[in-house]
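Down below are the structures I want you to see.
Shared chain: chain A. Partners: chain B in the first complex, chain C in the second.
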Partner chain A sequence: QTLRLICTTTAVQRKNVGASGPEKYTEAFIKKQIEEFNLGKRHLANMMGEDPETFTQEDIDRAIAYLFPSGLFDKQARPMMKHPTEIFPEQRKIQWGEDGRPFHFLFYTGKQSYYSLMHETYEKLLNVEKYQDQLLAQGLPLQKEKRNLAGSRWLTKIELEEMLLEKLSDDDYSRFIQLLQKLVALPCADMEEKYIQKFSKEVPVQLQKVVIEPLQYDERGVAFSTGEGKRKTARATAVVYDNGTGKITVNGIDILHYFPVLQDREQLLFPFQFLDRIGKHDMVCTVSGGGRSAQAGAIRLASAKALRSFVTEKEVEFMRQAGLLTVDPRVKERKKPGQEGPRRKFTWKKR
Partner chain B sequence: QLDHGCALHTASKDCLSAVSSQDVPAERPRAVFHTSESDPAKHSEHHEGRLYNIPLEEVKAVFPHGLPYRFQQQIKTFNEARVMVRRPALELLAYLKGSNFSHPAVRYVIYGERGTGKTMTLCHVVHYCSRQGWLVLHVPDAHLWVKNCKELLQSSYNKDRLDQPLQASAWLKNFKTSNERFLGEIKTQKKYMWGRRESTEEGRPLAEVVEQGLARVRSASDAMGVVLRELKRQSHRGSFRLLVAVDGVNALWGRTTLRREDKSPVSPGELTLVHNLRKMVMNDWSGGAIVTTLSQTGSLFKPSSAYTPQELLGKEGFDALDPFVPIPVPNYSPREFESCYGYYLERRWLQHEKARTEDGKAELRFLSGSNPRQLDRLAGPL
Partner chain C sequence: DDKLLSEPLKHPDFFSVKELFTLKDLFDARVHLGHKKGCRHRFMEPYIFGCRLDQDIIDLDQTMQHLQLALNFTAHVAYRKGIILFVSRKRQFCHLVERTARECGEYAHTRYWQGGLLTNARIQFGPGVRLPDLIVFLSSLNNVFEPHVAIRDAAKMSIPTVGVVDTNCNPCLITYPIPGNDDSPAAVELYCKLFRMTIIRAKDKRRQSEAVEELR
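Take a look at the complex of A and B:
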């Protein structure tokens, strides 16, 4: 079984500069950079009128963003002032002494840190097995506490390369991961927990369950709920009241007057018609921005979100599948230089 | 007293004798929305929300001009004219029934949002009055006189004013159709000169004046002026009742799109037709009533959200029409909506299968906002 990286994020696909070659920056250079950084930090604190002693990295970022405002989209391209260790990537120091003799015993394998890591991990594995045999010999039961593998993942190949400051091949990486998995699979792996944690990462909780707000009651005792929606540049908020006659008011104006076009009124009708609640609710909305269609779409989304509180979970699922609860991501595409519009090119002339 | 009874036309006498005044709903569900009560005089609260039928001959006699275009198309499609009895109309009819005709004429202004049924209310009242035997002066749309006029002549009667021969002759023709029997009975009280050679002596029937206007198109506007003046003078005598029904009365005091040959704008007061009509709408005569409608759709230079008398009439018009009885016309009530929907369904106007379900009805109600015009336009393609 070979482990393959199926999908990686752009951040992870960065080139690992540290593992590429021998030193590019000398140690003395790095030290000088650090001194300059600290001095500059104090100067900056002085300039901003703050206390140099308690000037944190966040303050530095804010100050730089204020002094050098930039409209560039890529955050990495904007001016930044960070500690040199974050800017200059870590690199391997020279691994042999003055007499030319290498420090590490595995230097001549070519991937010294990788093989030393493999050796270490295998040593841990052997220790665990020995401990297991001891327990079996004593007749004590083996601990069977399974680690929770659901919320964690192994380091990716690039992260491992960064850690070892060496280039790895896919095959090497997969062998290392297999070894780790074998170690974890043993029952008494708890004693090496700390070692294993060095190579695993927490996966953030991805399932954000959308919380459906409960109904609120106003002074007259009528149940109501609010929702917000947007479409293109229009933003809308809707308040849906229960026990109504189906009257809808937008910005204080009746929908017949605000939306003279039938198409917009049909958009507003859609959530209520889907839930068969056309004449049962009243609605008061406010909307701003966008055009006629965008405002209608925004109100539709807002009313669908507000109606979630009145309706069972199954129907919420139906609404979601019908597309009533999703924000429409389509916005106006940017015009590119060298073209007349976002897609339209200039008239092609043969000569 | 001239005896008119309920007969307008020799043919319509037969229809009326066949009309039964009972209102018991028959076993067929069609009667829930309809009432067989064809005489507006007998309409009352429990007829509210129902549709009543006007025989087609009566339609041609009473309404040669005056029904909205879409309603005329509906009559042609369904082969019958069904008008809904609504509360504002009933209110107006009650006022008219109880009004004292020795007092100066009361002015009623029907107003409301676009498409709520003001013109139809006016037509209902006109039908009632013509059934009762009144003389009906129906101006279908005053806006037609202040815009899109091709010919403007300088008036021979008064040098400052401008004549509109085409519109005047069209109106005279329709007036003749609707009020034929009166024209023979009312006599002129003064001698009128049409140009140098023709004149109408005192004591001649009004029909001659109308013929004169139709024959000599140049003097049509003056003929109309004469007709109006005579009617105003003689209405207080009590031999007949006069109803002045003007649709789009806010045109009389607004602005016009017409220009003279030297491109200077014309104000409505300088048009003979408008001038005479303004005099009719004044309440300095007795023996009748003045029912008017405000209309935003044909009005010039007014925002589309304006519908109150103040906005549409402007200061001048409001002062001129003050005091008046305002009658607002709202959108359909739930009951009226049900009956209109039921009528369309019954005449198989709504062909879509979903339109027959309850959901379809709720959808139509939502999308049209219970506005009669919107509902009519929505139901068209279905």
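Take a look at the complex of A and C:
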């Protein structure tokens, strides 16, 4: 029979969290966790009746969601089974050996990886300068190929922190970037190209050229093209035919009957009027949602988009500058609490 | 094991440190040049030979003695596998000092000194940290021309210090001061070379002695 301590003092129970610091996971611990995870994966596959060899992470997630249904809102709080490298954050292992001597020569600075990075970069800088001096002494000209800086950016502070596994301050980060820029600015920096590439990332070119669709031809041999437009809540699709008389049909109804008001019909005709093609095209459109004016605006945008295929690039640019191809971003503003409408406040009473 | 440790202590110059440098080497490396008379520190007056055109000249005979004592001490520390930390806050020589430390297999700190590195080491690094057994200052002032914080911290933690003191430095708390120039590149390169050679010699001697002991 063992004696068990039943009552303890509060001093014993209180853990001195400040002194211990963050927990360090030893390599052996992580290895054991990985073995247990793989064993557990095979057991789970057997339980679900699937093949243990081809059991992917998605299958594991589905199996866990089925076996342990949880109504908790936060996805991170629900039971999960993931590879230990994803659960235990990557941490620095203990920095010194058995005799107490630290492994890294800059250990006593506190930020060893950051300062060793600065040391290496400065060494590369010195090497490049020495090489330049040698070239100058021999009288050879220095190469001046300019690196394309437009498509690349330096690593952000967070990415650098992840790379070094150490916290950095803004000052440290800016100093490192300045050093890199100094290195890149030297004419013979090409010999350290590989080292610099570790710290630069490609920025994908964001220009997206709008592709103008080519003309399509229907059974009679008449060219046509389609366009879509929207305005407020109205959505419209328009099909513009070539060799026409200027007839426009909306939802199967002629525009004179669909849009009694002159203003809406003017909106529909504006793209054709702008391109001087009033009597040359036929149009059939469908529209839904919104009100009278919104539907008119939506059809105007749709027809302008369809007309792009019939017209030269210069005229497309003119249309764009006239505002025919831009979606109108104005929508109904929401009502706010404490006010009667989006902007109107309640009547102010003096007493 | 006891014999290994007590053997070097019986000889005054077990590692023959005197052969590493001569007075002429120190003179050629411009170690004798100090700062101007107005920058002179009161406690450096015993080490100053004289003053020429307002510039202080350091007494190289005293420098020889101090340097020999200091190198002997570092050699003994390195022989007993102590941790040596090189400290210098001169931006010009930061890379040189770090390179010297790396080649010796010892440690360097030429960057901004955080407050509690030595005094608060348990919390900064971890519970089982081992502090340096010797701190070598290649420039005992920091960038604001005040005595480096590490001198005071080492004295607090009972860590012996070796330091190059110039005519504007305070040699008080340093156990083995070396009066000499700390601003010229030639002088600092000479010091780095001397320290590197002593440490490598001491470590080689240690390995030889251990090999001899194992053979017995």
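Heads up, the rule we're going with is that the second predicted complex is superposed on the first by the 179 of 351 C-alpha atoms of A that agree within 3 Å, B and C clash if a C-alpha of one lies under 4 Å from a C-alpha of the other, contacts with A are read in each partner's own complex, and residues count from 1 in each chain.
Just so it is clear, contacts are C-beta pairs under 8 Å (C-beta built on N, C-alpha and C of every residue); 3 or more make two chains touch, one makes a residue touch a chain.
Given the structure is predicted, the values throughout are model-derived calculations rather than measurements.
Of the two partner chains placed by the overlay, only chain C lies in contact with A:L126; chain B stays clear of it.
Taking chain A as the reference chain, the count of touched residues is higher for C when chain B and chain C are set side by side.
Shared-chain residue A:H257: touches chain B; no touch with chain C. In the superposition on chain A, A:E266 contacts chain B only, with no contact to chain C. Once the two complexes are laid over each other on the shared chain, residue contacts for A:F105 go to chain C alone; chain B is not touched. By the document's definition of touching, of the two partners only chain C reaches A:Q95; chain B does not. Residue contacts after overlaying the shared chain place A:P52 against neither chain B nor chain C. Taken together, the two complexes place no residue of chain A in contact with both chain B and chain C.
Chain C contributes residues 81, 83, 85, 95, 98, 101-102, 105-109, 111, 114, 117, 122-130, 132 to its touches with chain A in the complex. Interface of chain A with chain B (complex): residues 246, 254-257, 262, 265-266, 269, 272-273, 276, 278-279. Per the touch definition, chain B reaches chain A in the complex via residues 305, 359, 362-363, 365-367, 369, 371, 374, 378.
Looking at the complex, you find that chain A touches chain C at residues 18-21, 24, 94-96, 99-102, 105-111, 115, 119, 122-123, 126.
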